[in-house]
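Chain lettering (A, B, C and D) follows the sequence in which the chains are written, and residue indices restart at 1 in each chain.
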Amino acid sequence: MCRLLAYLGQPVLMDKFLYEPDNSMIKQSFEAKEIEEPLNGDGFGVGWYHKHITHQPAVFVSIYPAWNNRNLRYLASLVQSDCLIAHVRAASVGDVSESNCHPFHYRNYLMAHNGGVEEFDKIKRSLKDRLSDERYLWLKGQTDSEHLFALFLEYLSAKKADFTADDVADSFEEMIVALKEMMEAKSITAPAYLNMVFVDGERMVGLRYTTSKEVKPLTLYYSEGSKYVCEDGVCYMVPSEGSDKSVMIVSEKLTDIAQDWKTIPDNHMVLVYKDLSVKLRKVEV
Amino acid sequence: MCRLLAYLGQPVLMDKFLYEPDNSMIKQSFEAKEIEEPLNGDGFGVGWYHKHITHQPAVFVSIYPAWNNRNLRYLASLVQSDCLIAHVRAASVGDVSESNCHPFHYRNYLMAHNGGVEEFDKIKRSLKDRLSDERYLWLKGQTDSEHLFALFLEYLSAKKADFTADDVADSFEEMIVALKEMMEAKSITAPAYLNMVFVDGERMVGLRYTTSKEVKPLTLYYSEGSKYVCEDGVCYMVPSEGSDKSVMIVSEKLTDIAQDWKTIPDNHMVLVYKDLSVKLRKVEV
Amino acid sequence: MCRLLAYLGQPVLMDKFLYEPDNSMIKQSFEAKEIEEPLNGDGFGVGWYHKHITHQPAVFVSIYPAWNNRNLRYLASLVQSDCLIAHVRAASVGDVSESNCHPFHYRNYLMAHNGGVEEFDKIKRSLKDRLSDERYLWLKGQTDSEHLFALFLEYLSAKKADFTADDVADSFEEMIVALKEMMEAKSITAPAYLNMVFVDGERMVGLRYTTSKEVKPLTLYYSEGSKYVCEDGVCYMVPSEGSDKSVMIVSEKLTDIAQDWKTIPDNHMVLVYKDLSVKLRKVEV
Amino acid sequence: MCRLLAYLGQPVLMDKFLYEPDNSMIKQSFEAKEIEEPLNGDGFGVGWYHKHITHQPAVFVSIYPAWNNRNLRYLASLVQSDCLIAHVRAASVGDVSESNCHPFHYRNYLMAHNGGVEEFDKIKRSLKDRLSDERYLWLKGQTDSEHLFALFLEYLSAKKADFTADDVADSFEEMIVALKEMMEAKSITAPAYLNMVFVDGERMVGLRYTTSKEVKPLTLYYSEGSKYVCEDGVCYMVPSEGSDKSVMIVSEKLTDIAQDWKTIPDNHMVLVYKDLSVKLRKVEV
C-alpha cells in the first residue's frame, strides 16, 4: 500500500528521513509498522529541490527495493534540501516499472500517493476522457495514482498562476468529487484510499481521505518545529521559536517520540503555506 | 529504429538466430548494417512457443542492451522452438521500460515492429478512442508500436476464431487504413514506417510498408527452406525437399549467403500459413 | 537467509515449484515461514537442464525480487525439465548483483546455498589461497556461498571424471573440514550454516549442516515419489510404483501435506543417484 | 574502452559536462569520436563532492546505458559541485554489474580508468597477493581497473596523511613499476593502456600512459581557466584572471574550440594541486 514522506522547511539532509530514524523510510520499505502489509519492496522514489539552481525538482526512482540500494545510500548522504518527498512502493495497480514509481513530476510539482482505487480499470477510461490533451499525453504509467494526479492537475491548472496552498486543497477536493462521480457511475462501492502529498518547492499539502464513511482513512501524521535533527542516534523535531520553521508529513511516525507527531484528522488536509504556516482543513465533499 | 526477426517451422535453437550468424540479432544490437542508425541498445525481447505445453508463448524482455546479457546468452542456448520472435530496440517513442519492449503479447499472439509513426502524440488519443475497452485496458506502455498492435487486434478480433494468415493480412490493411485516416485528420505528412511481424505459434505474417509513395519502406527479407542450421561457424538455410519447411522473416540479412534471402517487395506482406506454405501479397490500401 | 529448492526426476514444469504450491518459492520470497526473517527479496535465480540439447544448464538470475518478475512468470510457464534448481536471496554477504545470485554455475554443475559463514572476511583470503588458478579465476562474486562452492569444486575435481553422488558427498565433507580449519585459525566460533544443494543434471546431493553442536542446522526436507503434480490448486507428490521416480529437496515444505515431506536429519546429506535411488548419509566430520 | 572526465575548481552544474557540450559525455556514450570503438554502453558512473556537508563523495552508477537514463538526466540538472568525475563504460574485463562501474570509491578518493591490461587474468592473483588485507577485502568487482586502483592505494597509503598531488603521482608510478614486473613475470607483451584520473575533493591527478614504447597512449586532454560555462548552446572555458581557477581532464575534447584543450603529452601526468595550480610531469618509469 506504499509509505510516503514530504518535507518543507529548513535545509535538511535526506539521510535524516531515509536512514537515521528508528522507523526510517528504509525501515518502512521492508517492515512498515502502521499498515497490514509490511512490505514496500516494489521500487521507490525521492524528489527534491535546489531552488537556487532551478525551480524544477530532481527525481530519482528505482524499481529495486529501497533497502539495499547503493545509489540511494549515497544520494541521501549528500542531498540537502529545503523541500523533498520520498515514497516506497507496494505495487497494487501497475507493473513494477520506473514510470509507475512515485513521486510523479509535472512542471515544478511533485506528488506521491498512498492508497488506491479499487477496480480502477472500470473508471480509467472515463478519467482519461476528462483530461485535456496536455495532461492526457503527459501520463506515462499505469497507476491509479498518476491518473488521479493528472485529474488533480486539471483543476489546479484552472487556478491563478500564483496559487496558494488553499488552491491546491481546492483542487484535491475537486478531484475527489470527480472520482466519486466516476465510481458511482460504475457502481464501485469499495472505499478508495487517498493519502496524497503535493509539493512545489514552496508549499505543501497533505490529504488524508477515504471515500467511505464506514472505514478509517490510512494513517497520516505531520510534525512541525524548527528543524529535524538526529543526534547520537536519536531523531527529533527541534521546537520552533520563530521564523525558522519546518514541516513534515509522514505515513508512519518515524520515532516513538510522541510529541513530534500529530495525527491529521480523518478526511482532513494539512496545508503548509509559503511562509511555512500550517492549517488543518476538513475535506468538505 | 529497431531490428526484428520471426521464425516458424522446424524446431531450432534460439542461438542460431541470436548469436551464431555473422550478422546475428546480437550483432545488430550494437552494429546494425542495413539502417542509418546502427545502435539498438534500448532493451530487447524474445518470445517463443512450446505448443506441447501450452498455446501461450513465453516472453523474455529486458531494458539492458542485448549484447552483454547473461540471461539471454543462457536462454538462447536451451530454448528450442518451432515459432519465435526476437527484437532489439532503438527507443524512438516511449521510455526504456519493460512495457515498451517488443514483442507485445496478447492472447496467444506476439507482434514486433520496426519503424514508427512521426508525431504519434497527435493521433494517440483518437487511436485509443477507437479501441474497445478490452484492448484499451490491455495497453501497458507508451509506444506507437503497441498502440498500433491494439488497433490491429480490433480488426483481427472481428475475424472468425480460426482465422488464417489472410485474415491477419486483412487486419494489417484495416489498421493501415485507420492509421492513414488519423494521420490525415491531423495533417501528419511525414511517412509512417510499418515493418511488423505477427505470429501465433502456427502462422506468421510479415508486413513491409510505408505510408508515403515518395520513400522506400525499411528493409525486410524472408528466407524459406527445410531448416536453418549453423555448422563450423557458417549459418545457412537447408533447401527444402518436401514438408519439412521453415520460414524466417528478418530486418537484415543474417549472412552474406545471397540465395538465402529474398526481399519482400515494397509495400507487400509475406503470409506463412499453417501448412508453412508462403505467399506474397501486395498491400492494397 | 535465502530459500532454495532442487529437483531431479520426471520432467516437470517450473511453475509447479515456483508458483503453484501454497508455500511456493515465490511465496517464500516475500513471506517465508520456516525462518526468522521472512523476506528474501534480494534477487533470485533458477537453473535447469535440457539434456537432449546439451549437458550445460541454463541459468536465469535477477537482482529484482522474485515476486513481481514478469520474465520469471513466463519462464516458469514454459520451462519443463527433469533437473532444476531455484533460489531466492536475502543478502547477507555481498552486494545485490547478478554475480552474487544463486545458483552458481561451474562446468555442468549448479549449486545453491542457504546459510552463511559469520565473519567470512576473516577467512576469505586463506580460502582463496587454497584454490587452484582455475577456480580462483572462475570466482566472480563476493558471497561466502560462491567461495565455498569453489572450495568444494577443488575436492570434486580430484575425484574420478564419472563421479557419483558419494563423491559429491565426500567433497562436501572435505569442504567442511577445510572450512572448520580456517574458522579455527581465525577463532571464529559463531556457527556456520551450510544448507547446500548440488546438481549436475543427473545426480543431486543436499547438505544440511552447521559447524556448531550447540545449534540446529536450518530446515531442509526432501520428498520422493513418482512425480510432483498440481491439480485444482492442490500440489502433491504422486507415490512411485517403480522406476518413474522424482526427488525434491526444499528449505521449506511447499504444502501442508505432511507425508510429502521428510526431514533430512541434522548434519546429514541426502544423496540422489543417477538411477534416482536415495540415500541419507551422516556428515562424519 | 571507456571515456572519462574529471573536474576540480569553481562549482559547476554536472549538466555542463554530461549533456550540454556538442561532444558531451552522453554523446560519447553512444558515439565517441576519438577512439576506434564508439560505443560505451555498458553502464556508467558519476561521483561528486559537497565538502560543506562531508568529505565523502557520493557515487551514482548504473548498468544501463547513460544515453537514456532518466535518473542521470535529473541528477545532472541539480548537482553542482567543485569536484566531480564521470565515466561511461565499454566492458572489456568484467561483467556489466554495478561493482564494475567506475568511479571506484575508497575513503574519500575516487578513481576512473580508460584502457586496460591484456590477459589480466594472468596477473590477477599476483596483484592481489601484493595487497594488504584492507585493500584485498575492499575489492568488490572483477575489473583490472579496480584491482589497479587497489594496488595504487597500497602505495598512496604509505605516504603522509596530508599527501600532495606529487604523492599521488608517485603512487601512480609505483603502481606502474609493479604492473610491469607482473606483466614481465607472465610474459605479457601486449601494451597495457593506463589513462586514469584520481580526485579526493581537493586535488586531482590525470595519468596518460601505456607500457609499450611502440604505441601511443590513448587520448587525454586537460583544460584550465576560470570556469566552464555553456551559453546559447556553446560551451567553453572562461579564461582565468586570478584565483578563480578550474581544471578539467577529459578523454575526448568536449567541443571543437581548439584553445580549450591541451594534450597531455605521451606518458605524462597532469597534477592539479590544492591551490588549483597545474603541473605536467613525465612518467619516469
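Keep this in mind: a contact is a pair of C-beta atoms (placed from the backbone, for glycine too) under 8 Å apart; a residue touches a chain by one contact, two chains touch by 3 or more.
Here's who's who by UniProt: A, B, C, D = Class II glutamine amidotransferase.
Values in this document were obtained by computation on a predicted structure and should not be read as measured data.
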item: Intersection of contact partners for chain A and chain B; value: C, D
item: Comparison of A-D and B-D by number of C-beta pairs in contact, larger one; value: A-D
item: Gap in Å, rounded to a whole number, between the CA centres of chain D and chain A; value: 39
item: Between chain D and chain B, distance of the C-alpha-averaged centres to the nearest whole Å; value: 42
item: Interface hub residues of chain C, defined as touching at least two other chains; value: 70, 95, 98
item: Touch-based graph of the chains, sorted into line, ring, star, complete or other; value: complete
item: Complex contacts: residues of chain A adjacent to chain C; value: 30, 39, 41-42, 63-65, 67-68, 70, 91, 95-96
item: Chain B-facing residues of chain C, complex; value: 13, 48, 50, 53-54, 56-62, 70-71, 74-75, 77-78, 80, 98
item: Contact set on chain D toward chain C in their complex; value: 95, 97-99, 121, 124-125, 128, 133, 136-137, 140, 142
